[in-house]
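Consider the two complexes below, in which chain A is the common component and chain B and chain C are the respective partners.
Then we have the complex of A and B:
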């Protein structure tokens, strides 16, 4: 069943188009940076961007930081919102369920497929970012036979070995993937509520926009720690020396709670629902 | 084995509307069961409940001996269905659609999958369709693909909702032949339709749904049994009345209804009296008349799509 869902998703032109669009912005930013040589000063603009001119191997992280606030969540919301609602709209849901695919099994398969999309999307952005970063900027190769070991500099000013950068980059990528899982859980839940994939996607975006907006509002500070987008950018903390785990662990546990609650709700709703599409 | 589909007091309420209001279906092995009803009479809701898509408010459903929806995983692989028109993934070919659907549930071995797909595509007349994506299919081709999906696992029971929708007259005749052929092979067919003619030609047993209630359920042969009168066609109806005085119950143009269930006897009397007779038959009610009588007020809606 999971394999069936993966085949469906990755054989779909739209899946790849979404991933391609996702990579367009970081590439554009890289081209502009190279042409103008005008990097934002440290502390301004998307994280890591100021550093990439001196070390292109940081560009995967800069690329993730560029797509994280908007494009990556939209992409995940589109795919996750489509998961059940898309089948309902196409009418294929009734044939899957009378096959019978089993409602819980179908939901799990959809969840795994969406999760894999998140991982693939994040990895593709990171890999494309790495290729772009190392070809267009001054690169200090990571890993392998590096002499000297002055890979890069952390935000705290100390230097990191290339090995360290690789590890921290991988952890950062993992963290972003977990944050996107929260988005996927919202998408899957909304997708069981409606027969319109667009409606489900818009629902997710409404939640994320509200969350980002409330985050900037002082009056909302009591609920700020519970906003789904609160700790998204905490992956930056992997590049402090030593790593600041506080926000990272909070972000991970917050996403875990959201994912748990939303998936339970999605399951409860989907397994007791009248399928009339 | 009998009792392929049995429901007892099946009710589905949507808010305050009782879409299905206590129906007791009884479909037996070997039937071609015609499930008739106007649009909005609750046919589709009933079909969806039988297949576990819609959960009943109250009542019981037994499908191939298993209680639905709980037994779905066990009995549904033995059921083929076409519900409210076909559906498929437009960017994939028909063959791939069938393969994906077959892989999505139990009871369809991948070893035999290619073989089975080739066979059903041939059965529904899509053998030469190749790798074309479904979005390039015509309505009739999609309908055929939907039928192919229903037949993929050689089901014991076919539940078909409007299977000839979108087909041209040749296509309709082909599907009818296919269904009769499957039926001869032992498949029970549950055919939900509002097309009286289709049901009259195919079905051995009929259930009529009217505003959520099953108002009629019987063998086709019983419903359309002779009424005990003979229909005489003649250019001179007045002379028939004169000859068979007292036995003529109605005259409608050149059609004369005569009491008596032996056309040969009526014919002998008329010919003996020199009355020209152009046609002679036992009077049988048409399915349409039966349904109209049973459904009453909303009956015009039954006929609307004829």
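Then we have the complex of A and C:
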């Protein structure tokens, strides 16, 4: 059943159109940077964008930082929100459940498909970012010596070798993917509550917008550590020296809690609800 | 049944922080005197940690020194590695970069990622306030350094950064003080201040709260605190403190009273002669003649404050426990008065300045 769901998802033009749209903005930004040679100053604009002119291998991280606040969560929310509610709206959910596999297995199959979409979407953005970065900007070969200039400098002012940058970039990509699993879990849960994929997607976005808004308020600081978007940008902590693991581990733990609770709630709701369409 | 599983899971997870916070904290029979002594002796204790300060002081300033104003009004997140007073590193961490101060023998390096700039600053007797001054360890030692036993009381214990912290309350004896109290929470094992809270006499809001969120008493490596400018970085020499002190030295001294609002005048190394410094501990008052060209901009900035009290010759405003007053006598140069005293005390002090009052 998992293979069926995977095949269904990745054969849909909509899935690949979503991923293509995700990559459009980072490509546009790269083109503008090359044409104007005007990168933002360090500390301004999305993280890492200031350094890509001198080191294009950092562009995967810059690309993820560009899409992370809005486009990537929207893409994940659209796909996750459609997983169950889309079948219900199309009138196919009832027929899917006539198979002897059962609701739990169907939910697991949908879950695996959504999770895989998250991983593929993040990887494609990173790979496209790498290709764009290494072809359009000056790039340092992996395994070389310490990079000159600020492009190979950590936030803390220490020099990083290309091998350091590669390792830390891979960890950053993994961290972003885990952060998006929480969004996927919200989408899957909301998708079991409604027959409208748009409603499920809007529910996820409402949660994320509220979380981002509350994070900016000092009055909300007591609940800030529990907001789902609180630690999203902590992937930049891989580029401090020493690496600041505090927020990274908290971010991973928080996503694990959200994923665990929401998937349990999705399972409880989906396996007990009346399916009429 | 299935929803019960969800309910139990949510309740368990939601109550976890409260359960951890409710873990019993063991107090110790340490006197306030001994606890203060332990704090003052903790300068050489090595540690590393993660701290956060939250300031509620909206200081009215002109275009100069905005970084100092931000320091006391914003939330500042810091990582610190402390091997000793002359070998330490404090990074102010932001979402897109960081500013690190590496202190060594003879001075410090400040690395600003946002500007790709390394700044060398020589050690001076006086320096402008900087983020490392807001660490609970530095601030706690500074605020307790001149406290008397009569001003100190013990206030139980609490858990800070996962460690048992003994409470020490400083209540200033001076009537003019605008600080109601300072609570310092001290690590039982090392004497390091883990949290410092400053409350003003007006309102119930904490004026300044700085605390460790994580603390490790292992000695950090020398490699972590060392610094050399990275390739391609701009390197400059910082002279901001020197410029401010030089401006102070150019001020023509005037005969200031020996005592103001019950606070005796004191002298500190490096303070220009024209600047009058009064008080002790957490109750301090500074008086200085101000060049006419500087007073106009400051006046404009002060009167914009909604809480400003304006009369014929002066304007005064309070930012938490910090009071600031600009006096413009008819036939004299202006004066600026600032410190941790009440606005009434500022007005009383101003009335005794040359050109304004009868007494000298």
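Simple rule for what comes next: the second predicted complex is superposed on the first by the 267 of 277 C-alpha atoms of A that agree within 3 Å, B and C clash if a C-alpha of one lies under 4 Å from a C-alpha of the other, contacts with A are read in each partner's own complex, and residues count from 1 in each chain.
Everything that follows uses one rule, which is that a residue touches a chain if its C-beta (ideal position, glycine included) is under 8 Å from a C-beta of that chain, and two chains touch if they have at least 3 such contacts.
If you're wondering where the values come from, they're calculated on a predicted model, not measured in any experiment.
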- Item | chain C versus chain B, contacts on chain A by residue | C
- Task: Kindly classify A:261 by the partners it touches after superposition: chain B alone (first), chain C alone (second), both, or neither?
- Result: second
- Message: If we overlay the two complexes on their shared chain A, which of chain B and chain C does A:242 touch? Say first, second, both or neither.
- Response: second
- Please work out whether A:98 is in contact with chain B alone, chain C alone, both, or neither, and reply first, second, both or neither. first
- Query: Can A:7 be said to touch chain B (first), chain C (second), both, or neither?
  - Reply: first
- Message: Taking the superposition on A as described, I'd like to know which of chain B and chain C A:272 touches: first, second, both or neither.
- Response: both
- Where chain A meets both chain C and chain B, residue numbers: 272
- For the complex, which residues does chain B have touching chain A? 48, 51-55, 72-73, 76-77, 79, 81, 83-92, 100-101, 103-106, 149
- Query: Along chain A, where are the residues that touch chain B in the complex?
  - Reply: 1, 3-4, 7-8, 11-13, 90-92, 94-102, 106, 272, 274-276
- Within the complex, which stretch of chain A touches chain C? 41-44, 47, 146-151, 153, 155-159, 218, 233, 236, 240, 242, 244, 246, 257, 260-261, 264-265, 267-269, 271-272
- Under the touch definition given earlier, write down the residues of chain C that touch chain A in their complex. 2-3, 5-6, 9-10, 13, 50, 54, 75, 79, 91, 93-98, 100, 111, 113-116, 118, 213-214, 224, 227, 229-233
